[in-house]
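Structures for review follow.
Consider the two complexes below, in which chain A is the common component and chain B and chain C are the respective partners.
Right after this comes the complex of A and B.
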């Protein structure tokens, strides 16, 4: 029931995001010759897909949508006057928070794997090939990066009340993080998830062929997983102490 | 009273955006060191790199979406619409006030870099031309009005709390994609490009954007008048 509740609260955002990501992938593949010739002067199809999907517009849309999927929760329910009903359910607040987080992270994973399915499947229709393994690896990187961005929005929604305050704070924090993570002295120590999602933040990306080679950066992915789990736990602890 | 109501509903978002823009301005003039050949450049180059062609511009456009999320549909979801509708004012007046407060806030936010950058750069002993900063403020104001108006229209049309901003961001990205399509690129329809135009202000394009803004507001007003709240 709690899973269904979390789904109903986020389904409009998720379905809109899924349609957009899938639709844009279809457009990028079907109109690749116009795209490659104009703004994305790419020599190869693989380069074009990398520039427009994994480094370009689609990555930016995905990052914003991942943030916005994280907002919501009990603080918003308090403003709507429904927090009382939710809190009378025979479940702990930690469970409520965990299930909302789990549903959101599942949606992020599904969104991450949409390009994995669409791009390699449709590429033969335009006489091109995009390796499934590449798409899958980028899907995993997007799932990790998207999860990180999701918990930023998630934590902001736990900490800040007020309509859209959490979303504004989450967008601001993410942009500030991007600016700081690009500083040369910070780059060595802090993962920039945008670079991770495009592969350029890893030693496994070959810029001359625009492909990921070798194993994925397990250290970076593990750190992100740790951050995501800790953030959800922190959100649960904060919610347990809040007065609704 | 309606003005105070609209202000109270949006002041937190306005304050956060103002703080973010101020932070960008301070960082750009006093601390920012662009990566690459501009690394040891003047304050003007650093301002251009971070503010007028960089992250601050995109941030301002993205956060303008949240200033535009108002309307009576939001109040219906919170079950306060009946109180607002009981006031002795027309729905158009309620909408007009929200739009007026939002546009005033956008004007203030657009002018913030316009005044703070010349002042801060003067403190850094490398003054940035005030008229140049004002030039960009005009462009930022008109372009952010379009974003604000579209977000407002979506907030009036859709009931979900976060569906309007999601739809708005998607539309902004799709607009940028379409504008970069070769046959249309020469018309420079991308809002981000318009916000960075220099040296001349593209008055015809700004007028077109103002007309589009008016159409969005007119649609929002029409929908609100017909809605069963």
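Right after this comes the complex of A and C.
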């Protein structure tokens, strides 16, 4: 039933995020034939989708939604007065934290795969084709990048109390990270998840055709997976020591 | 048969920076009876309860709840299977309906008693399909009690249970506590409402500024605690009243007021031997004991 609780607590944010992402995908695909492609100086439909979805607006919106999905948990419950009820259930704090994290990461994965379904499925309606395999590969990159951003929000909400404080801290940290990760002297040491999600941060992206070619960057994906798991574990350890 | 205790603490201390919310608290709560935990606002009642339930970590000291160590997370979790807690604001998940939160809570307690759940749902007239956030505070309290009683806890802990309730709801709450105790549940509840503690509690622990200042049974209080007021022809020296059993002595002019917690008959005889002009012996109410105790610390 802790899964049910975690779902109910994130349900509204998840459904709103899903509607936003799916809705924008629909709009971007259907408006392609009405001059949108030329507005983005795209020569091909694949380039247009990459510029507006995987590199552009939708990725930025997805990043923000991933951060906000990470916010919540026991600190927020303390503000609402329900932490006492939750903490006196015969379950460990680590279990509470890990189930909330698992639910959030599952939601991130589902959000990542919405463009995978919507874009290739709707493209024929405007007389275009978008390869399913490309959409799937970008979906995997989004799931990894989204998980990384999710844990920033997740950790912020463990460390900072207050309705909006955690969200503001998470956004600020992410902006700071994005600026630092863009610096040339840091680029070779730090994974830029924004570039990873757009494909430009991988050697597999072909900028002339705007497609991913070859296998996915398994090293970068493994490092992100490690960071995500470590962050959830860290969040569990911090929560165990906190007073409510 | 040795007395069993559901709660025991030894030197329990909680500091927030330089502020000591609870100071070296050592006390015991006997099983199968109602114990009132009395104190002013900010006295340290909620902090103590939070430490007992593992919500807050003690700075020092230790304790047990149902014989399980409160500072050991695993043992505390085990103890919570048999402990029900009703918090001060009785907040429950507002996004769930009554039915959903009952089902949610039930899933954590294998010994859940469905017949108690059904009886209390009917008795409290809780609408199953209503969202918790749409319930009044009185209804939320009833729902919290239903969730607590349906699991048949060995120990029920309530933090300021009557806070914000109307007189009818308070009456129902107190009756529910008495019934729970009659069924063998040990009840420990914090309050600053003296009248309700005096009505239902069998034992009282008074905490003031984080320190346990008194711990007594209400039967003992009714039998042994006396206010002795004596008037003398001349002013008396305080030294004359250093007698076993006197908790507090107050002199105002030629009148002396003594609060005796023990040995009252002998104290009265000694005072009589001092040839007072007048002497009056009266039993003490919990209100008087509480006020004298916390004023003493002021």
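Keep this in mind: the second predicted complex is superposed on the first by the 240 of 244 C-alpha atoms of A that agree within 3 Å, B and C clash if a C-alpha of one lies under 4 Å from a C-alpha of the other, contacts with A are read in each partner's own complex, and residues count from 1 in each chain.
In the analysis below, contacts are C-beta pairs under 8 Å (C-beta built on N, C-alpha and C of every residue); 3 or more make two chains touch, one makes a residue touch a chain.
Please read these numbers as outputs of a predicted model, since none were measured by experiment.
Overlay on chain A: chain B and chain C fit together in the combined arrangement. In the superposed model, A:244 lies in contact with chain C only, and not with chain B. In the superposition on chain A, A:106 contacts neither chain B nor chain C.
Counting the residues of chain A that each partner touches, chain B and chain C differ, and the larger count belongs to B. In the superposition on chain A, contact is made by A:8 with chain C only, not with chain B.
After overlaying the two complexes on the shared chain, residue contacts for A:20 are found with chain B alone; chain C is out of touch. In the superposed model, A:80 makes contact with both chain B and chain C. After superposing the two complexes on chain A, the angle subtended at the C-alpha centre of chain A by the centres of chain B and chain C comes to 80 degrees, rounded to the nearest 10. In the overlay built on the shared chain, the residue A:98 is in contact with neither chain B nor chain C.
Touch criterion not met for A:200: it reaches neither chain B nor chain C. In the superposition on chain A, A:90 contacts chain C only, with no contact to chain B. Here chain B and chain C sit at a least CA-CA distance of 8 Å once the structures share a frame through chain A. Residues 80-81 of chain A lie in contact with chain B in one complex and with chain C in the other. The touching residues of chain A, counted against chain B in their complex, run 12-13, 16-17, 20, 24, 34, 37-39, 57, 60-61, 64-65, 68, 71-72, 76, 79-81, 162-165, 167-169, 171-172, 175-176, 178-179, 182, 184. Chain C meets chain A in the complex at residues 50, 53-57, 73-74, 77-78, 80-81, 83-85, 87, 89, 91-96, 103-105, 107-109, 144, 159. Partner chain A is touched in their complex by these residues of chain B: 9, 12-13, 16-17, 20, 23, 27, 35, 50, 55, 58-59, 62-63, 66, 69, 74, 77-79, 160-163, 165-167, 169-170, 173-174, 176-177, 180-182, 185. Residue ranges on chain A touching chain C, taken from their complex, read 1, 4-5, 8-9, 80-85, 87-93, 240-241, 243-244.
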